[in-house]
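In what follows, chain A forms one complex with chain B and a second complex with chain C.
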Partner chain A sequence: MNFALTDEQEFFKKMVTDTVDRLVVPKAREIDEKDEFPRELWREFSKLGYLGLRYPEEIGGMNADPVTAMIFYEQIARGSVGFAQSVIMNILMGTYFVFRFGSETMKERCLYPAMRGEKIGTMCFTEDQSGSDLSATRTTAKKDGNEWVINGTKMWITNGPIADMATVLATTDPSLGNNGLNFFLVEKGTPGFAPGQVLDKLGCRGTVTGELVFDNVRVPEENLLGAEVNKGIEYLGEILDEVRVMTAAMAMGIAQAAFDEGLEYARKRVAFGKTIGNYQLIRAKFADMATEMEASRLMIYNAAWRIKEKMNCRKEAAMTKMFATETCLKVVDEVTRIWGANGFAHEYNPQRHFRDARFLLSGGGTHEIIKDFLGRMIIGKPR
Partner chain B sequence: MNIVVLAKQVPDPEALVEISAGGKKLEIEQKFATNLFDEFAIEEALRIREKHAGKVKVITLGGGKATEVIRTGIAMGADEALLLEDEAFLDGDGYATALALSRAAAKEPFDIILCGRQAIDHDRGEVGQMVAQFLGLPHVGNVVKLDIADGKAVAESAIEGGKEIVEVQLPAVFTAQKGLNEPRVPQIMGVMKAMKVQIPKATLGDLGLSPEEAGLKGSKVRIEKYLSPKKRPPMQLITGEPMQAAAEAIRILIDVERVI
Partner chain C sequence: MDFALTDIQRDIQNAAREFAEKEFPNVARECDEKEEFPMELWKKACELGFVGVFIKEEYGGAGLGYTEAAILMEEFWRVDPGCGNLLLTSFGTEIIQQFGTEEQKKKYLGLIPSGKAIMGCGITEPNAGSDVFMASTTAVKDGDEYFINGSKTFITNGTIADVILVFCITDPNTEERFGKHSFIIVETDRRGFEATKIKGKMGIRASDTAELSFNDVRVPIKNLVGDAEGYGFKQVMHLFNLNRLLATAQAIGAAQGAFEKAVTHINKRIQFGKPIASFQGVQFMIAEMATKIEVGRNMLYKACWLIDKGIFDPKAISIAKLFAGEASIAVINDAVQLHGGYGYIAEYGVEHFYRDAKIVEIYEGTREIEKITIAREILGR
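Then we have the complex of A and B:
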């Protein structure tokens, strides 16, 4: 067993860390305060080529292995979660199905520009009455000649209001539950496809999140992203683990940003004649935070390694997402305590990390659902 | 235009440094970074190449993590690299280091040598000048602007209270000062290239040096002892009316601290 990052991965981590420190960290506060998509940063960042992280070199990607990708996800989230969400959406969920099933012309039109940052992608699962429970999807897709007609409303869509293209989850028959699900590519400008309400969120501000409305949207047959009809849930399984581990990596990014703030404060804030880092109760907080972050990262890298080796990872990915997110929530909470009243002030960063962390609770599956899934998996079917 | 950049991996500015072995050694936390001034040198070399064509070669001396400075150079866009890796090179002073680097630079014809004005670890700021001396070349230090044309360079240096503009014939050695440029953020294609690059290495023998000319043996300066800087006393706040407070500050500086 070898737990070390390779020299190449170490170097990659250093490069990404420096890049994020230079380009993203200085803008994080403004991104949060303005709560607008940071177009200028997007242009600057996408020029560097990171948006093709996961895709093959032949099409201009980096062909990064999952461990390397996790390093990236963590670092970009450390810089600004609001920005990271948009970036990761283009890298992973917003383009995966076009890459996997799209025709060459579709890739030319959507995937390659998205890898260059010229187009913004999104993936639409969630509706007002369904999120983690995908079988309750109400958006429908009906075949009409050689076209699909999509109807429904999606909610909580990352990049939704600014998306140039959307991978949309829709059912051919709601009564089929998970077995009626399919993915479709819908491009901006298609009649009937329009953004709706934009959400005002507690955290992850700067990512534009909102509603997408599909009103008799007609797309050609080839826009069904899948080899067969009604196999969407199976295809989703191809990236579900990666998405969950990615969420865990983002959690570590937020946790690390908060941890660093806490550390700096503990080293300089004086109380009763000593810097507060000299007090055992404050030291204990750092011991606990660092230990749990270490454990989370081991889980993340292990799960990523399993994905790379094409081993089953459903259980590990779910555990990792839940554990790392809970660790993150604990860290952001402890850091606001270390900062005392200043942790409550908008003037400083800890409150931002505190707010941002909450988002991860639902992204990638709520922990209530994950726990139920894990428990069922461990105990087995009722006997 | 062949440009050689001499670059160095230094302890990260945030790395913990402790004196050990009774002042003989430094224990440095294993966190490293490319010397900031060398990053200016790499960036300037790349800009000159972009204008005048040619190639940029990054040379560094050291083992272990020293490869990272080379990978950083490649990620930014350097074409070639050379790592001087030999136990005999270790623990050398500026003189021994400059001798080895000058030999390495001279292995192929070049027009320009660029390096940082100093490394931010020992802060001695001597290697660039010594390399120029070993190679019998002109040297311009503290460069904040560099224009190349017709086999000549016009360099602007920061000097106390102003700037100095110097024209030199190439080949020449230039040391980079803050203000020369803003180093670029590497693109992912460069990072990928850097991750995969096989770094050519040179040993003592490859540079035609004897063990007596390198590392500790070849050094002119020996470090006798490291001492920690004096701990600063806590800040003293003088309250009251500005005129009286200023008078009190002067009294402390004269009578108590005896610095004026």
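Then we have the complex of A and C:
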């Protein structure tokens, strides 16, 4: 066993931590308050090359291993979740299927610009009646000659309103359930493809999230992102674990940001003649928070290591997502308590972390779905 | 990073599992009911090399690490915590190995893995538990002997040990509170030593626990652990770091044992026309239990890895024990719950875990002391 980060990983961690402290942290409050995509920060951040985090060096990426990627996801979320969601969407879900299945011309048009931040990508799963249950997807893709015709409406799409390109989940036949699903690339400017309503969210503000409408959108045959038709659910499996563990890493980013705020406050807030960090009840909160955060990180690194080693980690990834999220929710709650009434004031950051953390309850799988899944893995299918 | 056990560690794990599954069930219920230490089982465990594996080869041990010791403990507790604590017959060797004189190491350490003797360690007193500085048993120098007076309580192996390391005040007048205490090795056949078994423990009833009294017990000066007085506190902390690790392994082992019993039961138990495993409410409990165990085990192995690298990080160790203890209690509580009425009956083999596991939140540092340790590392004193 070896629980240490490599020298490269340590170096990367320091580098990205510094970057986030310098560029992102000072903007976090403004991003939250304005609830607009921070284009200027995006441009500045894009120059540093992180958007190519997971992709090979030959195409301009950083070739980061999964552990390194988790370090990045945590740090960027620590800075600003609103910004992190947009960034991670470009790094992972919004570009993966183009990287995996796209033609060279498609990559030149979409992937490489996205890695440079010149294009913004997204992935669209959710619809008004399908979220946890992807087999209920009603967006359809029909073959017409050498084109696919896509019809439907997607909901809760991260980067949706500003996306230059979307990887869209659609079914060739709704009666096939999970066995009819496919991913298609749809680019901005394609007739019939348009953003709809923009959502006003509790947290993760600054990420623009909204509806995407597909009204007889025609894309060429090669825009089916997959080696075969109707294997979408299988391809999704290639990144599902990473997405779940990534969500856990984001949870740790939020938790760490809140924890640091709590620590600072406990050290300076005086009550009954002493700083409150002297009281055992407050100290125990830090002990509990630190314990569960440490546990979460171990789960994250363990799962990331399994992904790297190409070991099965469906179960571990699901556990990690759930555990880290629940930890984060506890931490943001405790920190608002440590802050007393100030935890309730928009003037300070704890309330932002409290709001931001709630997104984790659906992103990466609700805990009801995760428990259902774990139950199946351990006990078998319900009879 | 590398989260895999080595091949040797896997072999040890399998051997421990095989031994525990084969041997423990024959005696566990009876030892629990009668509050008897499983003497024959302990001898067999020694013959197979399970006891004191961390003792160096030059002193008659296997020269393995604490990771291996933790794996053994985990596997033993998975089957039966009371019997599993036979591994604690090496309790105290950690101190001699780290701080003892060469003569002491040669004299005492080899006795333990070979099953020639049982060791114990007397720290707690009626008025000194979490606050070890309160320990008031005295060792007063008289010529070339110490004479020891005082009493100890809750001492593991108290009535079966051949040798006990006793935490005594050797310098009552020092201003330096860390320099007040020392460990003295006491052979239990010495005059003035008396051990009285404490009966009626809630769990780990096969593990021996006693009150000790020292009434002018005389031992030679060379029985002082190490070369100098005043290092008792440092030595206690070393022991706690290691035994907190083993307690973490105990917590995970017990949780795993109860969890497996629950999974078996819910697949067999039919209610409302279906195995209760098919109900979502039950599946959710199983999902949460499995998650807690998985998280706890990661914490355990990280702490093991640190210790085997020679890094004694009290925060990491306390974090592991705090988490694993709470997780274990929660998992076992659910395992009993999933057994319904059967969970409450000894015959079905799950209720004892409920009684056994609680000790992990008490000994080797209560849950509250772990929190104090962790918070101190974060917030300062």
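Convention: the second predicted complex is superposed on the first by the 380 of 383 C-alpha atoms of A that agree within 3 Å, B and C clash if a C-alpha of one lies under 4 Å from a C-alpha of the other, contacts with A are read in each partner's own complex, and residues count from 1 in each chain.
Here is the rule we go by: contacts are C-beta pairs under 8 Å (C-beta built on N, C-alpha and C of every residue); 3 or more make two chains touch, one makes a residue touch a chain.
These figures come from a predicted structure and were not determined experimentally.
*Asks:* Which of the two partners, first being chain B and second being chain C, lies in contact with A:189: first, second, both, or neither?
*Replies:* In the superposed model, A:189 contacts neither chain B nor chain C.
*Asks:* Which partner chains sit in contact with A:280 here, chain B, chain C, both or neither? Use first/second/both/neither.
*Replies:* In the superposition, A:280 touches chain C alone.
*Asks:* Can A:4 be said to touch chain B (first), chain C (second), both, or neither?
*Replies:* In the superposition, A:4 contacts chain C only.
*Asks:* Should A:145 be classified as contacting the first partner (chain B), the second (chain C), both, or neither?
*Replies:* Neither partner.
*Asks:* Looking at A:12, would you say it contacts chain B, chain C, both, or neither? Reply first, second, both or neither.
*Replies:* Once the two structures are laid over each other on A, A:12 reaches chain B alone.
*Asks:* Return the chain, chain B or chain C, that is in touch with more residues of chain A.
*Replies:* Counted on chain A, the partner with more touching residues turns out to be C.
*Asks:* Could you tell me if A:375 is touching chain B, chain C, both of them or neither one (first, second, both, neither)?
*Replies:* In the superposed model, A:375 contacts chain C only, not chain B.
*Asks:* With the two complexes superposed on chain A, say which partner A:302 touches: chain B (first), chain C (second), both, or neither.
*Replies:* Only chain C is touched by A:302; chain B is not.
*Asks:* Between chain B (first) and chain C (second), which does A:316 come into contact with in this model arrangement: first, second, both, or neither?
*Replies:* second
*Asks:* Jot down the residues of chain A that show up as touching in both complexes, chain B in one and chain C in the other.
*Replies:* Touching chain B and chain C on chain A: no residues.
*Asks:* Within the complex, which stretch of chain B touches chain A?
*Replies:* Answer in residue numbers: 67-68, 71-72, 75, 185-189, 191-192, 194-196.
*Asks:* What part of chain A is in contact with chain C in the complex they form?
*Replies:* Where chain A meets chain C, its residues are 1-6, 67, 263, 266-267, 277, 280, 283-284, 286-288, 290-292, 294-296, 298-299, 301-302, 304-306, 315-316, 319, 322-323, 368, 370-376, 378-380, 382-383.
*Asks:* Per the contact definition, I'd like the list of chain C residues that touch chain A in the complex.
*Replies:* Within the complex, chain C contacts chain A at residues 1-6, 67, 263, 266-267, 274-275, 277-280, 282-284, 286-288, 290-291, 294-296, 298-299, 301-302, 304-306, 315-316, 318-319, 322-323, 368, 370-376, 378-379.
*Asks:* Over in the complex, which chain A residues touch chain B? Could you list them?
*Replies:* 7-8, 11-12, 14-15, 18-19, 22-23, 47-50, 52-53, 57, 62
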